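What follows is subunit A paired twice: with subunit B in the first complex and subunit C in the second.
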Partner chain A sequence: METILVSLTAGLLEAFQPLNLMMIFAGCLAGLFVGCMPGLGSVNGVAILLPITFLVPPTTAIIFLAALYYGAMYGGAISSITLGIPGASTAVATVFDGRPMAQAGKADQALMAAAIASFIGGTVSIILFTLFAPPLAAFALKFGPQEEFALMLLAFATFIGLGGDDIPKTIFSILLGLVLAAVGFDIISGSPRLIFFDMVEFQRGIGFLVLAIGIYGVGEMLWTLESTSGKVQMHNVKISMSRMKANFKQIREYINSTWVGSFLGFFVGTLPAAGATPAALMSYGLSKTFSKDPDSFGKGNVAGVAAPESANNAASTGSMLPMITLGIPGSPTTAILLGGMIIWGLRPGPLLFTESPDFVWGLIGSMYVANAVTVILNIALIPIFIRVLAMPFTLLTPIIFTLCVLGVFATTDRMFDTWIMLIIGVVGYLMRKLNYPVAPAVLAIVLGPLAERSLRQSLISAQGDATTFITRPISLVCICLALALVLFPVVQRIMRKRKKAAESQA
Partner chain B sequence: MNTFKLLVASASALALTAPAALAEWQPKKPVEFIIMAGTGGGADQIARLLQGLIQKKDLSPRPFIPINKPGGSGAEALRYMQDKTGDNHTVMMTLNSFYTTPIIQEDLGIDVTEFTPIGLMAMDTFLLWVNTDREDITDLDSFNAAVSEAGKDWKVGGTGSGQEDSVLTAMMEAEFGYDVTYIPFPGGGTVAKNLVGNQIDSTVNNPAEQMEFWRAGNTKPLVQFSAERMAAFPDVPTAKELGVEIEYYMQRSVNGPPDMDPEAVEWYVNLFQELFDSEEWQAFCKSDGLTCETMMKGEDLATFHANQKVAHEKLIEKVGAASITGE
Partner chain C sequence: MTVRTAELLMAITTLIVSLGLMLNVYTDDLSIGWVRGRGPGAGMWPFWLSAGMALASVATLVRWAQKKTPESRSTDPYISKDTIFLVSISAGSILALLIMMTFIGTYLALIVFMLFFVRFMGRHSWPMTLAFAIGTPIFVYLLFEVALTKYLPKGLPIFEDGFLWIDNFRYEWFY
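Moving on to the complex of A and B:
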């Protein structure tokens, strides 16, 4: 414990050097920009800015990149809330409630909640990282394919409650997502499958962002157009100190979701297979299931913004753990960081903590500081962000549409994906119109490939014996939790009905 | 003031393109550096090191962006490159699945001899690894005994059916007469992690993939499949020394899509030659047991690819495609 404190102090002192502090500011700002532009993505951002890091010492370099990564995690929420397009896959769940809040003129509340929840998620996660990195790395090793699959089941279970009352429609939505996720190469044998109309373009599969932008960007836009006939009310929110204070006080409404998201996010992030996107989705699902008022989720509940935002920030810190201790990056962005580390002569692996303590503790120290800087920047910039919403609908819609097309084209560089995105947009609109929940489909697209891979790996290694999932303790616990989660909303519903019946009788 | 200078310097480093070299071809946008394998594996580590060196030494006016496309044992990456025919801003870090995947998956419709060869950066080697917890396994004989006893319950981790490690596993099965269960993972790094966590029983990883775990005492090598003992592993016998006729290497070359412009090819060849000759690359080769004496390029590399393709066709015919895909 004492050694941790000494090392951490050294790390914090390092982060407070003037040059390092400046780089943290620069990194957070750049990250915010990168994160909120759909399609730009933190991968390109980090890659393009990597050369700057060769001009400064390695510790400063990693501080800059970590700040950038952090900033991007916050940035994703900004476009999710103000434009309704997820800037990054990690921010998809933020759209669910962030967008309705913005439409109801509460964008500032949503942004404030996102910033504070992200801050708490990040901080909880760094503290856990500081205290328990080595034992957690050992725990992550216990996660084989069976445990991964059980975790994915758990994630799906959290979403059964998401569809509202119509469980068959929710299941249909999940299945639709699974089918779309299966397009492309078979994960195990490598042969092409579900190639519609024999078009070779489908061999590469349908990207997650293509679907998310289609459903939320284009689909939502069509829906808004129809439901309001273009006469969308503008929300020129006046920001005053008292309103900011009131927003800050709202924290009580979402603090529980934030804690759940923080711990869950960190834990899921440390597993090399998962990452921030499943963490955010799971956190959202859990918050809804255990909320006193689950029906308000998806309609602008502030806890629905806080839950995924705390989880994705916690997970982004968590995903540094497998990178540093195992050399396996938890996300594409950490993969670029890994490249940087190799250049600086550092070999990520089980020995990095003991062989390069200065570097590791400098990084940990900088995460504390970067987190604080980003939350301050974010809250300070809220008045600017919500200006977007003051734009007339006739101006904002074409901009959103352009960003959708541009964002998809920029990520994959092919027109084919843009067409798919537009088709998915129409499908998303039809689903909304026919009252099918779209969130479960999005979840299935993210988790489907992960679940499929781990399921097949488990069955291969157990030679087809499905009991392998319940004979392994961690896997068994996850499966039991998943079952409990599926049954919980059902039981809850029955209880409520009984209560109502009892009330009406009385 | 210093920081200001620094920012100006970095900004100009980003904006400047060498004016003297205007006549030559140069990338006009970021170059996609495709890796036909997952993160943390040998190919991935090498590509990321090269990408970093390019930026550190300021060798390209535009950055190289590494992108992993591990799907279908590299089929995803090969398909991607084929679709990029004639594109001058995409290059790919390849491994032996460059040859094996199109052989095993004929319906992919890829002929790698049509791709544009740029440079052979290194020849990599394979070792047989087990977790150090397996105290009963100390050499190849005790390994074989353990595998024979476990039979199908013996779990070998690899990077995908048709990948080089599955070919090597099939070669071992044919040589020693056992039948193991092969589990594909999305990259050499994940394979190594699962060996450390005892989720699988053995692997045939490249040195770079296991180096840090080996140094930390988590895993141990039993045999190397090269002709001679590598400098990094002086105490590990080669298969040939033990009287087993298995010798297998991994090529690590950079290739472009079919029909790249000759000027662009020349620029890339010069770039990778410079990287190959750099101190950093040579040091990496040495520490990770890679062979990097001269960089093969142009016609020589094209011939090399053609020969390797034929050699792999024969090898797959010998061990049987079914034993590789596990069907």
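Moving on to the complex of A and C:
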């Protein structure tokens, strides 16, 4: 405990370095912006801006991107409430009650509740993170390649069991990501693989950023252009100091939902397939179930705004826990952060705590600071962000496209990759229209090389004996859990069929 | 084209792609089997994962035939006419940007790109258009070339030479 406090103090000092503090502000602002723009969320912001962070040292870069991640969670509520369109998928549940509140002229109450709930959710989650991360990392130090591989298997299995998407399509998406990650020279034998059309350019592989920016930059913009081509209806927001004070006192009405959302969000956030969106929906559902007045949900109950907002912020921090301690990202956004860490020359995984304590604790310290900065910026800048929402897409789109193209070029210095990005973006858009989930593919291309390496390392060290995965207890537990998750939808279906059969008999 | 047709075509495409990947690994003489005492060969990972992709595509095809997925029952148009216009013009504009970057260089390409989006697509005022068309290349130059020290594509030699004086000027005065 004491060592945690010492390290945390060092981390906070790191976060208060002028450059880092500046980047926290910049990150929060950028996050609020991408969060409140419909169609863009944290994952898009992080993917598009990652190449630019090569300007600064890795610690500062991750502090900036993590701040952006929070900011986006706060920002999502702004458009959910004022436009009735979720600013990011994570803020979908905020629309349910935020929109009716805005229609009743209580937009300021909803925005305030969202900000306060987000702050509480974020803070609870960071404290849990600080307590859980060091012991988890210490435990994970014992992991060999067998356990690493089993954990990744478990991460992919969560998409199949809990992702809620069409299962064959989810499996296709995971495998496609893994295969694309294998393009280029084999890390162990050195032989070139999957050199399509004998083009030399493929020898260096397909970078994960090319895929991530293709899907989350180009693909997402095409998607957004399609879904928001119609005009949007904005609600006026009345803001004054006296109203803000009155709104602050309202906190008693939603504090319970906020606590539920905070704890639930953290734990759901740590699961790779779940993340902030399901956490917010689950938290909304729970608050409604346990509310004294469940009928008022969906008609403008302030607890219905607070519950999902606290949960999505808590989940964003929660998803960093497995990324930092185990090297397994808990969400698409952290998958991209993890890929970034590899580019910055860091090795994600439990060794980070011992090898780069400045990096880890700087990040943790910055989370405390960023959370406080964002809540202040959020409340202070609400009037400005509402105006930003009126920004036409014909101005935003070319800027995003420019950043996508040049960002990809800047990471690899090759025009070839920008072409791949465009192709992936268009294909990703077409597949997404048919409900092929994209998040598993991004996770898979980041984890692909790591997964293959750990699989083959384990087998080489065990002289080709595949039982090595089930004779080690931790790896056995992970594999059993993974199997259970994969079988879960099948069991569910059988149960449902039996129930139906029983009902039809009766 | 209805969503149902699109689902079928996509599943067939993914199946062909998966088989193509398997063939690619197989013909590259990579060992796709188990190497005794060492575990999987170099080609095993991509080959069998592609095989899994093929199986997943077949599963989607079967579910399509049984009308199990919502997409295989939907007769809505896959892409509406308005969307085709909007999406293809946006994707096309990136394509044009990439082609222009290769021939006339990043900066001239960006000016044309911005003129197109802001003036032609957005119908914004000329001052706004010019601010974007001139501001973006300057911003890009400062961010990518000065701060990130990346040499962005300048196009054919004749265009590249035209830009050299800016770099010369910068190096003479600032370094």
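Here, the second predicted complex is superposed on the first by the 277 of 506 C-alpha atoms of A that agree within 3 Å, B and C clash if a C-alpha of one lies under 4 Å from a C-alpha of the other, contacts with A are read in each partner's own complex, and residues count from 1 in each chain.
Rule of thumb we're sticking to: a contact is a pair of C-beta atoms (placed from the backbone, for glycine too) under 8 Å apart; a residue touches a chain by one contact, two chains touch by 3 or more.
No experiment lies behind these values; they were computed from the predicted model shown.
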Partner chain in contact with A:Ile188 - subunit B first, subunit C second, else both or neither: both
Touching partner for A:Ile120 - first (subunit B), second (subunit C), both, neither: neither
Which of subunit B and subunit C A:Gly327 touches, first, second, both or neither: first
Touched partner set for A:Gly205, first subunit B, second subunit C, both or neither: first
Touched partner set for A:Pro398, first subunit B, second subunit C, both or neither: second
Partner chain(s) touched by A:Leu55 [first = subunit B, second = subunit C, both, neither]: both
Touching partner for A:Gly339 - first (subunit B), second (subunit C), both, neither: first
Subunit B versus subunit C as contact partner of A:Leu141, first or second or both or neither: first
Which superposed partner A:Leu443 touches (first subunit B, second subunit C, both, neither): neither
Residues of subunit A at both interfaces, subunit B in one complex, subunit C in the other: 52, 54-55, 186, 188-189, 191-192, 460, 463
Parts of subunit C lying in touch with subunit A, wherever the complex brings them together: 3, 6-7, 10, 14, 21, 24-25, 28, 30, 34-43, 45-46, 49-50, 52-53, 56-57, 59-60, 63, 69-71, 78-79, 82-83, 86-87, 90-91, 93-95, 97-98, 101-102, 106, 110, 113-114, 117-118, 121-124, 128, 132, 136, 140, 143-144, 147-148, 150-153
In the complex with subunit B, residue positions of subunit A that touch it: 18-19, 22, 26, 43-44, 47-48, 50-52, 54-56, 140-145, 184-192, 200-201, 203-205, 272, 322, 326-329, 332, 335-336, 338-340, 342-343, 347-351, 414, 453, 457, 460-461, 463
Of subunit A, residues touching subunit C in the complex: 52, 54-55, 166, 168-169, 171-172, 175-176, 178-179, 182, 186, 188-189, 191-196, 218, 221-222, 225-226, 229, 392, 394-395, 397-399, 401-402, 404-406, 409-410, 413, 415, 418-419, 422, 425-426, 429-431, 433-436, 452, 455-456, 458-460, 462-464, 466
List of subunit B residues in touch with subunit A within their complex: 2-3, 6-7, 9-10, 13-14, 30, 39-40, 44-45, 48-49, 51-53, 55-56, 58, 63-66, 68, 71-76, 79-80, 83, 101, 104-105, 107-108, 152-153, 155, 160-162, 181-187, 189-190, 192-194, 196-200, 211-213, 215-216, 218, 325-327
